[in-house]
Amino acid sequence: MTDKRLSMREAIAEYITDGLSVAIEGFTAFICFAAGHEIIRQGRCNLTLIRMTPDLVYDQMIAAGVAHKLVFSYLGNPGVGSLHCVRRAVEKGIPAPLEIEEYSHYGMVARYSAGAMKLPFFPLRSYSGSDLPGANSRIKTVQSPYEDGETIAVVPPINPDVAIIHAQRADMLGNTQLWGLLGIQKEAAFAAKRVIVVAEQIVDESVIQADPNRTLIPGLIVDAVVHEPYGAHPSYVQGYYDRDNKFYLDWDQISRDQAGVEAWLEEWVMGVPDRAHYVAKLETETLERIKPGMAPAAPVNYGDYR
Amino acid sequence: MTDKRLSMREAIAEYITDGLSVAIEGFTAFICFAAGHEIIRQGRCNLTLIRMTPDLVYDQMIAAGVAHKLVFSYLGNPGVGSLHCVRRAVEKGIPAPLEIEEYSHYGMVARYSAGAMKLPFFPLRSYSGSDLPGANSRIKTVQSPYEDGETIAVVPPINPDVAIIHAQRADMLGNTQLWGLLGIQKEAAFAAKRVIVVAEQIVDESVIQADPNRTLIPGLIVDAVVHEPYGAHPSYVQGYYDRDNKFYLDWDQISRDQAGVEAWLEEWVMGVPDRAHYVAKLETETLERIKPGMAPAAPVNYGDYR
Amino acid sequence: MSDFTPSEMMIVSAARALAGIRTVFVGVGLPNIACNLARRTVAPDLELIYESGVYGARPARLPLSIGDPTLVTGAISVMPMADLFGLYLQGGLVEVALLGGAQIDRFGNLNTTVIGDYAAPKVRLPGSGGACEIALNARRIFIIMRLMKRAFVDKLDFYTSPGHLDGGTSRESLNVPGSGPQLVVTDKALFDFDNPEREMQITSLHVGVTLEQVREEVGREVRISESVRETAPPSEAELNLVRVELDPQGMYR
Amino acid sequence: MSDFTPSEMMIVSAARALAGIRTVFVGVGLPNIACNLARRTVAPDLELIYESGVYGARPARLPLSIGDPTLVTGAISVMPMADLFGLYLQGGLVEVALLGGAQIDRFGNLNTTVIGDYAAPKVRLPGSGGACEIALNARRIFIIMRLMKRAFVDKLDFYTSPGHLDGGTSRESLNVPGSGPQLVVTDKALFDFDNPEREMQITSLHVGVTLEQVREEVGREVRISESVRETAPPSEAELNLVRVELDPQGMYR
């Protein structure tokens, strides 16, 4: 089997080209800012960005002008407030107009599920009485062929060109394990045409095989494996580091105007060659502050059967 | 919170009444024979038995005359051959005629999923070109409202009156963790109106909470918790004991005629008051033979965040 | 009687409304404190459900977002969002969900999408998140928001989360699982919808608040329940729990 | 050349057909040994997928059923069956699936449901299991069964798993993802469907088997490929792996 490890620079250069649809997923946790920043550094454009919660990573990418379209279900700085860059793009076309395609959370979950399961649609109990279907004609209905004859909402599959998934650990073949908030990373990875896994740790295949129920993504569907410690900062990785909430609060100020954002991007994205330098640039105080204590999982025995 | 622990006798007496639909699930593994035997001992009848793979547990229950209908997707003695009792009932009406409702595996998975998600139907890519829809009019089709306009097979939800799920560990509130083959136990439990969890071990809530990703069934949907070591013998429980394959082979002979089965039921079901006595009746050689070695899961840290 | 802030009155009112409830779908901030207060007082079996995929959270600190890692560690179950929305919410296991919005109309419909025209919005709001399906599938909806003229409007700019729609039986005609908004907790008064028109009506005024003040804020005639009363102020015990244990830094005073 | 059993010839033939394949959907017994032989020889990257929910099994012993615990311990991934069927099979990740049946017709359609009438069967067979959706979704189907008159029939009593249906383009008209049966491995000969009618044809006769014997067993005229040849017998290396490592007890000789 081939070793799929690449540097982030190599992985983005290889798999992210202008005009593709890209899903950097992870709900509040596991958000791969390292990939977003490398996409900005490599000057990609006309991307369709897909994410349930665009969060700061897409706020930064949209301010940097990499996107022409956004597919999402919740636009917010979680626990803080607005995503000012996305708002500027939608409300004022700064730095460029942004096309949007909007769903509810479950609608996005259902779209990824349909994409992963190769279904023509996925049914869900939502949208009736809401203006969302009026704002998005992709939200339709289907009638049940059974007794009830009930009419139910459906959404179409979504199959991103590339999904980028951050995880605690993966082996060099891309077999990947996550714990904590699993979000829709599994569905996003199976739905995508290409998958880049970014891991805090690269482990031996034997570590993965010692807990097969924990494997969320098999190497079978993974194209590249990037080893990038702290690659999800300022978001978090369960058991590895906490969210850097100070940054989420600071961003609410930094992002109030495009100039401030550009200055920040100049210093923290264009101004560093890679994530290792970004991490080195963080104060040690920061890394100390976001370091969690130990909370080990209860032991489990799979049993040796020979 | 209330302690939901009951003896198997109490749990079956309380929740399984004549005429109900019952799903004792678990694919090859985690098959709760202890519950099946107690249902036989209590002389229940007219049950609709639901299981993807009826396996020996339903072969025994059907020979004992508890069922009037069987909903399934594969009738076999796994790795051995036929389920002779089910065949006798279907082919010759011995001991009584048995109504059958038949799907493919994915059809049953989809039915449980629709039942658990309260959907009017679940779509799947199956059945086209097969005689199964002709044999079962519950298998229908729906047309996609999207461009392709594709026609896709659908199955209706299934919501058993009672689901019985065997697991490695649960707390007294019914919060339940499984590892190994997860089958469709999660979907069956969420689809059922009542849930009985049977566990090899009853643990403190803190054990469950030390690995929340491993929790398959929350106490919220559980009505009774039964502590029943070896409750799945002769099937197996990952890490606790192996399948007693000798019994699966023996059953192929025992079950060749109704008389042989009745003699076996007399000795091993009616002849023992409960599972503890059944286990005591097994030779120690058997318990030794099915004891696996250690294969611990790789450690995981959830992190202490305070 | 010690004095208290309007936020504390909201927290305490929401907590009391959760008496005996088993499951609540919740966000962060004030509603989160209300649920934890209920757990310590009137709803000992209450389990908190977060759309991030958490059932039965046991946070060791005040969560800063609905995806805070402290909601994961020590929780009863943490699952993919497909299970949270499919098995728990759509599965009918959510008894009460707490919602809010930028705009609410007299029938409890909520707007969290845009102010102005959708295609060219004056203000682009966060959008639905899970709110649309929560509003339809949770058995009951409690709405928590401050009483402000610009929020309590006659006509929403966008219907994100359906309440009682046009009132009367119009929601029933949707044939959805949830019964819709039952309560609105504000900093000045409590409202319910217990009338044939399913129209928001004042049921309780907080201590020191007058009907005129409420009308003033709502900016229109407000329906009043025959049984309108004064909200019982927070007890010492309730205030202690909030100030000492649940929000020691007073982030949500 | 050492001698070998018909079963060994089947195992080796099936293994060779898996050359370069990445994923195979497999059952237990002879097909399972064939896949493990392929892994050790012509398909080092081959991963075994079991409908019980296992991807990338690393069995420490011969599995006695598709749910054997030895398939779980040490596997790459073990998942709910909803994921195995939804994400792997329907998701299009299964390159080859190995199937068999009680009856097969000239177009590779399979019956594993009943002999006789469905409502009043002479013999009630196991049924589909996952076979129906496997036959439609796996990219290619290899069929493994012994050549027997009662199995190779003109008309199936029940169509459980669609092959090339009525032949020609009739399967394409179903518009399903999989391309259907490509190969039939028997104890006497190998068959493919590489003709416009998509009809089973002999491509290779095992050592010492005559066309007459095959016709005799099939009980009807059998189509023969222009390029019909003799099957290369198992090599010493292949036999060694099977006899010493994969099936030391000779359970499947």
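We call the chains A, B, C and D, going by the order they appear; numbering starts again at 1 in every chain.
FYI, a residue touches a chain if its C-beta (ideal position, glycine included) is under 8 Å from a C-beta of that chain, and two chains touch if they have at least 3 such contacts.
Quick caveat, the model's predicted, so the values are computed rather than measured.
Asker: For the chain pairs B-C and B-D, which is connected through the larger number of C-beta pairs in contact?
Answerer: If we tally the contacting C-beta pairs, B-D comes out ahead.
Asker: Measuring centre to centre with C-alpha atoms, which chain is farthest from chain D?
Answerer: C
Asker: Could you state the distance in Å from the CA-based centre of chain A to that of chain C?
Answerer: Between these chains, centre-to-centre, one finds 29 Å.
Asker: Which integer distance in Å separates the CA centroid of chain B from that of chain C?
Answerer: Whole-Å distance between the two chain centres: 40.
Asker: On a C-alpha centroid basis, what's the spacing between chain C and chain D, in Å?
Answerer: 58
Asker: If you look at chain C, which of its residues touch at least two other chains?
Answerer: Those would be 54, 68-69, 72-74, 78-79, 86, 90, 177.
Asker: Could you list the positions in chain A whose residues touch two or more of the other chains?
Answerer: Residue numbers touching two or more other chains: 118-119, 124-125, 150, 180, 182, 186, 208, 210, 213, 238, 242, 292, 295, 302-306.
Asker: Tell me, which pairs of chains are in touch?
Answerer: Here the touching chain pairs work out to A-B, A-C, A-D, B-C, B-D.
Asker: For the complex, give me every residue of chain B touching chain A.
Answerer: 118-125, 140-146, 148, 150, 152, 154, 156, 168, 179-180, 182, 207-208, 210-211, 213-214, 238-240, 242, 292-306
Asker: Where on chain C is chain B touching in the complex?
Answerer: Against chain B, chain C makes touches at 22-23, 44-45, 47, 54-56, 58, 60-61, 68-70, 72-79, 83, 86-87, 90-93, 177.
Asker: Over in the complex, which chain B residues touch chain D? Could you list them?
Answerer: It comes out as residues 27-29, 52-53, 72-76, 78-79, 82, 86-87, 90-91, 102-107, 109, 113, 124-132, 135, 150, 180-184, 186-187, 236, 238, 242-243, 245, 292, 295.
Asker: Touching residues of chain A toward chain D in the complex: what are they?
Answerer: Listed in rising order, the residues are 1, 116-119, 175, 186, 190, 205, 208-210, 212-213, 215, 218-221, 302-306.
Asker: In their complex, what parts of chain C are in touch with chain A?
Answerer: Residue list for chain C touching chain A: 28-29, 51-54, 63-69, 72-74, 78-82, 85-86, 89-90, 113, 118, 121-133, 136-137, 158-162, 165, 171, 174-177.
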